[in-house]
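What follows is a set of structures for review.
Consider the two complexes below, in which subunit A is the common component and subunit B and subunit C are the respective partners.
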Partner chain A sequence: MNNILSVAFDGIVYASWLFLMSAGLTLIYGVMRILNVAHGSLYALGAYAACSLAGAWLTAGLPAAGSFAMLLAAAILVGCVFGPLLERGLLQWMYGKDEVVLVLITYAVFLIMEDVIKLVWGVDSMLLPEPYALPGNFMLGGLAYPVYNLIIIAIALVTGLALAFALHATRRGKLLLAVIHDREISMAMGIDIGRVYLATFALGATLAALGGAFTAPTVAVTPGIGVEVIVLAFAVVVIGGLGSLSGAAIGALLVGLVRSATVRYWPEAELFSIYAVMAIVLIARPKGLFAAQEARKI
Partner chain B sequence: MKAIAAAALAFAALIAVALLAPQWLVFMSMLVLAKGAVVLGLVVLMRTGLVSFGQGLYFGIGAYAAALLSHHLRIADAAAMLLAGAVAAGVVAALLGLLLANYREIFFAMLSLAFSMILYGLLVKSAALGSTDGLHLQARTLFGIALASGTERRIFLIAGAICVVIAALAVHRLLGGHWGRLATAVRDNELRVAYLGASPFRVVYVNYLIAGALAGLGGALVALAVGHVDPDTAYWTTSGEFVFIAILGGTQSIAAPFVAAAIFEALRTVASQYAPNVWQMSLGLGMLAIIMFLPAGLWSLARRRSAA
Partner chain C sequence: MRRVPRFVLHALLAVFAILLTGPVAFAQQPLRIGIVTLISGPAAGPFGVPARNAAELTAEMLNAGTVPAPYTQKGFGGRPIELVIIDENGGPQKQVAEFRNLVPRVDIVIGYISSGDCLAIAPVAEELKKLTILFDCGTPRIFEDASYKYVFRTGPTGTMDNVSVALYLVERFPNVKSFAGINQNYAWGQDSWADFEGAMKTLRPGVEVKTSQMPKLFAGQFGAEITTLLGSGAEVIHSSLWGGDLEGFVLQGAPRGLFEKHKVILSAGEPAINRLGARIPDGTILGARGPFGPFAPDTELARWLKTAYADRYQVPPNYASFKMAQAILGVKAAYEKAKGGGSDEPDQDKIIAAFENLTFEGPGGTVKMALGKGHQAVMDAAVGTTKVQNGQLTIVDVARYPADKVTPPDGVKSDAWLKSGLKK
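Our next item is the complex of A and B:
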């Protein structure tokens, strides 16, 4: 019983983290039809910025609880600077190209950012253990867990609910959904696509950086941390159906639970299991679990 | 005829390198030949409008097939290794192709990526396959003839050159004829191809098979050159590198992948010597520049000049 409980809890923690990563990715794909490889670099940037900001905060001797605000600030900073920078500076000239070419373009951005990060922050790993240790532990089924895990879950829940609310209950959100549904008709109806794109990309970038910022305290932040994350987030998004927010949530939960179960019972198969799930889902439902039906164009 | 002349010239140049050049150049030529072969396969696939972000799968299978031959079966013959690499990759491609040939666009790219990452996950965790350390391999004979120590790589280069040049000529013939036009037609409008009575599935499937086998051959060749294989051969960044070289060269010519691979390897060698910290950045900037200004690849430069 305890085993199952701990597997489920670990799975949900991992799923929350995955959801933060993949929500931005699926949103950007849904609106802009870009499968953004640079999402991984924004994640890494978020982690590095969090280390610098929260580190500076702590060395200044300010109250340690404030470091959480710094993590959040780092994510918003990265998202609002690099999101618009990438979209206005580069991607806006690329719209209309083939989806696969757009993947390559963002892959190029990813490569560039990898080295930029190395140039700015150096190649040594950075540590930020304080926010992780600060909230202490709690007991679950006889095992001690860091409270920080609960914070991750809370952030994912709040983000997911806020996004769902914003998309379905606000005017701007509905405009966004309209663009996801049919770009051309939306344009014809007078929606300013350029602004929607800019806002979406900035939002997606912020979400990626948020994932990175709140991961930073749990790991050693080293060059290349974005490399693995991006393919994982791809897997989640493709499982859920490209462009679907609820799909990303279900995909994250599925991958999270499968991973924690394999880590527990068959640790050798950890990486294997995630991509096996992706392959099986794609075989059964070629466009993912929640992909919208598209009209066939000849 | 022109193609055969060019192939003969390339082959003669490779033989000259194998016999006369210093060891480092022999090694580089093997890498170029191997990556060129993988990218040639990718180009065949791109003729049908599909880009695979998972050629690392077949590259890895080819490399590990060669290594396992040496490691577990104690077969140290280079020809057997090259054959094993291509055949193993071809068999896996024949199986996965049945599934993948139904997918298009981004879904094809993502599913092929997933399969390569499955292989990566297996390799990293499997102790029998050397996990993250990988495996060493050693080839001492070619067709059963023992090789003098110090000359192995030179002989492997000749063996590799024979395989790759023949494969490239075969691909050239295939794409220049009926089959190549069918592939382009599938890229342009699959539904019409089906209405006209040809099977798009078959075109995609066969091209996928060719791409897989060529990637396996390339993998085995790299394994011979380096003498060691590790799971990174199947990692997605390796696959990304192949796509990059394909874009660099363009898909219009059979020679383009090899020229692009040579440029890529030369740049990488120079960069790792003088500017290791900005190598990826220059790669990215180069890629953006090519996509923006030379969407048909470097080869279009040569073509433009000859047309003018």
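Our next item is the complex of A and C:
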């Protein structure tokens, strides 16, 4: 029983982290039809900015609890600066091009950002363990778990619910859904597509940075951390269906639980398990679990 | 007529002197050494950049003649050396292409941290007939599965690391009944685990393996793995994690009591000392892939590297720095042995002949090119335990093992040696 409990909890924690990464990726694809490889760089930037901001906060001797606010501030800062910078400075000139071309463009951005990060922060790892250890542990099934894991679950839940509410219960959200459903008709109805794109990309960038910022206290922030994340986030988004928020949530949960069970019962297959889930789902549903049905256009 | 000012006369004399001595001073072409190390990517911080720093420092101080004995002669036998530095990042296929481009530009190549890169480069070095010294990679397969004329390795293999930590463990905990592992799912992690498991089963027949966790390289997050280890009931946990993965494992495991509940072995943990310091819990068994860093014997060469490196880079040199300095000094020793007392610079074949079975001094102690028909180094091993004293991490209870106790005899493969009960 304890084993099942620990597998479920570890799976949910991992799923929460995956969801934070994949929500922004799937949102950007849904609205803009861009498979944004630079999402991994925004995650890495969030992590590095969090280390710098929260590190400076703690070095100044300010209350340790305030470092959580610094993590959030780092995510917002990265999202609000780099999101609009990339969208207005580069991507807006590329709309209308083939999706593969856009993947290559964002991949180029990803490579450039990797070097920019190295130039700014160097090659040594950055550590920010204080926020992880600060809330202490709790016991579950006789094993110690960090309370910080509950914070990650809470952030993912709040993010998911807030996004769902904003999309389905607000005017701006409905405008966004209209663009996802049909861009041309939306334009014809007077929706300012440029503004929708800008807002979507900034929001997606902030979500990526949020994932990075709140992951920073649990890992060593090193060059290349964005690579690992973007591969996993792609897998989750493909399982859930490109452009589907609920798909990203279910995909993250599925991958999280399968990985956690594999680590416990068949650790040699951990690397394979995530992609096995993806392969099985794609065999059964080639467009993912929750991909929207597209109307045939004549 | 006005007199020519004295300082103008001095300047003219100085220029005249330079013109006279210049051709003599610049007659000797520098020996060009290609240095290949990870300058970008996740392994740059813990290994690649410390190795590059050590290469630049060693080359500069050799040229100035300020390295202690027996390396006091300037450059290589009086000939200055010049480095051409290449990034190792990008994988074996890219490295083979980079190596082919590098070979015509240099006289000797020293490099390679990744075992995958070493396995790919060795046959190409042989094909291109270029003296190539592998300085860090650990896989024993290089000289166990093949024989090379142009390839040497001046650092010990990974087998030594894991046999030495197993010996250290059973000497201190003779009644150990079970162990578990967490190692990265690629050649290094798999080989390290296989060597440790093999050594433990030989040293303590009947010992039980509880679980072997194999997370993806650069996974960074080990929540589920730590839960499994905590619930495994294993007395000992072995890990060859390195870089960001190792740091993440310690940061995530320590607050959950992993290091209190289990005896943890970090077989390649030494580079993390500079990053994590006192965050590495007390009682952790630590290796440094040889007698390097804090395990280095107290010699003039070790003191030189530690002082000069720390003065320049404000951090102590780690094992990657030691191994790079050792490789350069090893080639220098072979070069000067080949040159002998003569004035002619030795050709490549003479350097190779001098290098085979050579014994030389490095900052980590005596290095013997004893395996792989005289192309593979062996060294004594050292293992210790962490202890935080006055807020600083220190290594206590250091044990040293002679090279022949932790490495197979020449011609015997590591896995066969482990299965044979570590017989000599």
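As a working rule, the second predicted complex is superposed on the first by the 296 of 298 C-alpha atoms of A that agree within 3 Å, B and C clash if a C-alpha of one lies under 4 Å from a C-alpha of the other, contacts with A are read in each partner's own complex, and residues count from 1 in each chain.
Quick note on the criterion: a residue touches a chain if its C-beta (ideal position, glycine included) is under 8 Å from a C-beta of that chain, and two chains touch if they have at least 3 such contacts.
The model shown is predicted, which means the values in this text are computed figures rather than measured ones.
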item	value
Which of subunit B and subunit C A:Gly79 touches, first, second, both or neither	neither
Touched partner set for A:Gly40, first subunit B, second subunit C, both or neither	neither
First (subunit B), second (subunit C), both or neither touched by A:Gly211	neither
Partner chain in contact with A:Leu119 - subunit B first, subunit C second, else both or neither	first
Partner chain in contact with A:Gly251 - subunit B first, subunit C second, else both or neither	neither
Which superposed partner A:Gly243 touches (first subunit B, second subunit C, both, neither)	neither
Partner chain(s) touched by A:Ala108 [first = subunit B, second = subunit C, both, neither]	first
Subunit B versus subunit C as contact partner of A:Glu270, first or second or both or neither	both
Subunit A positions touched by subunit B in one structure and by subunit C in the second	115, 118, 227, 268, 270-271
Parts of subunit A lying in touch with subunit B, wherever the complex brings them together	35, 90, 93, 97, 99-101, 103-105, 107-112, 114-116, 118-119, 227, 231, 234-235, 238, 242, 268-276, 278-279, 282-283, 286-287, 298
Residues on subunit C engaged by subunit A in the complex (per definition of touch)	39-42, 44-46, 48-49, 185, 211-216, 218-221, 223-225, 227-228, 230-231, 243-245, 247-248, 251-252, 255-257, 275-276, 279
Subunit C-touching residues of subunit A, taken from the complex the two chains share	2-3, 6-7, 10-11, 13-14, 17, 115, 118, 122-125, 127, 129, 132-133, 137, 142-146, 149, 215, 218-225, 227-228, 259-260, 263-264, 267-268, 270-271
Touching residues (chain side subunit B, partner subunit A) in the complex	51, 53, 99, 102-103, 105-107, 109-111, 113-115, 117-118, 120-122, 124-126, 191, 236-237, 240, 243-244, 247, 277-281, 283-285, 287-288, 291-292
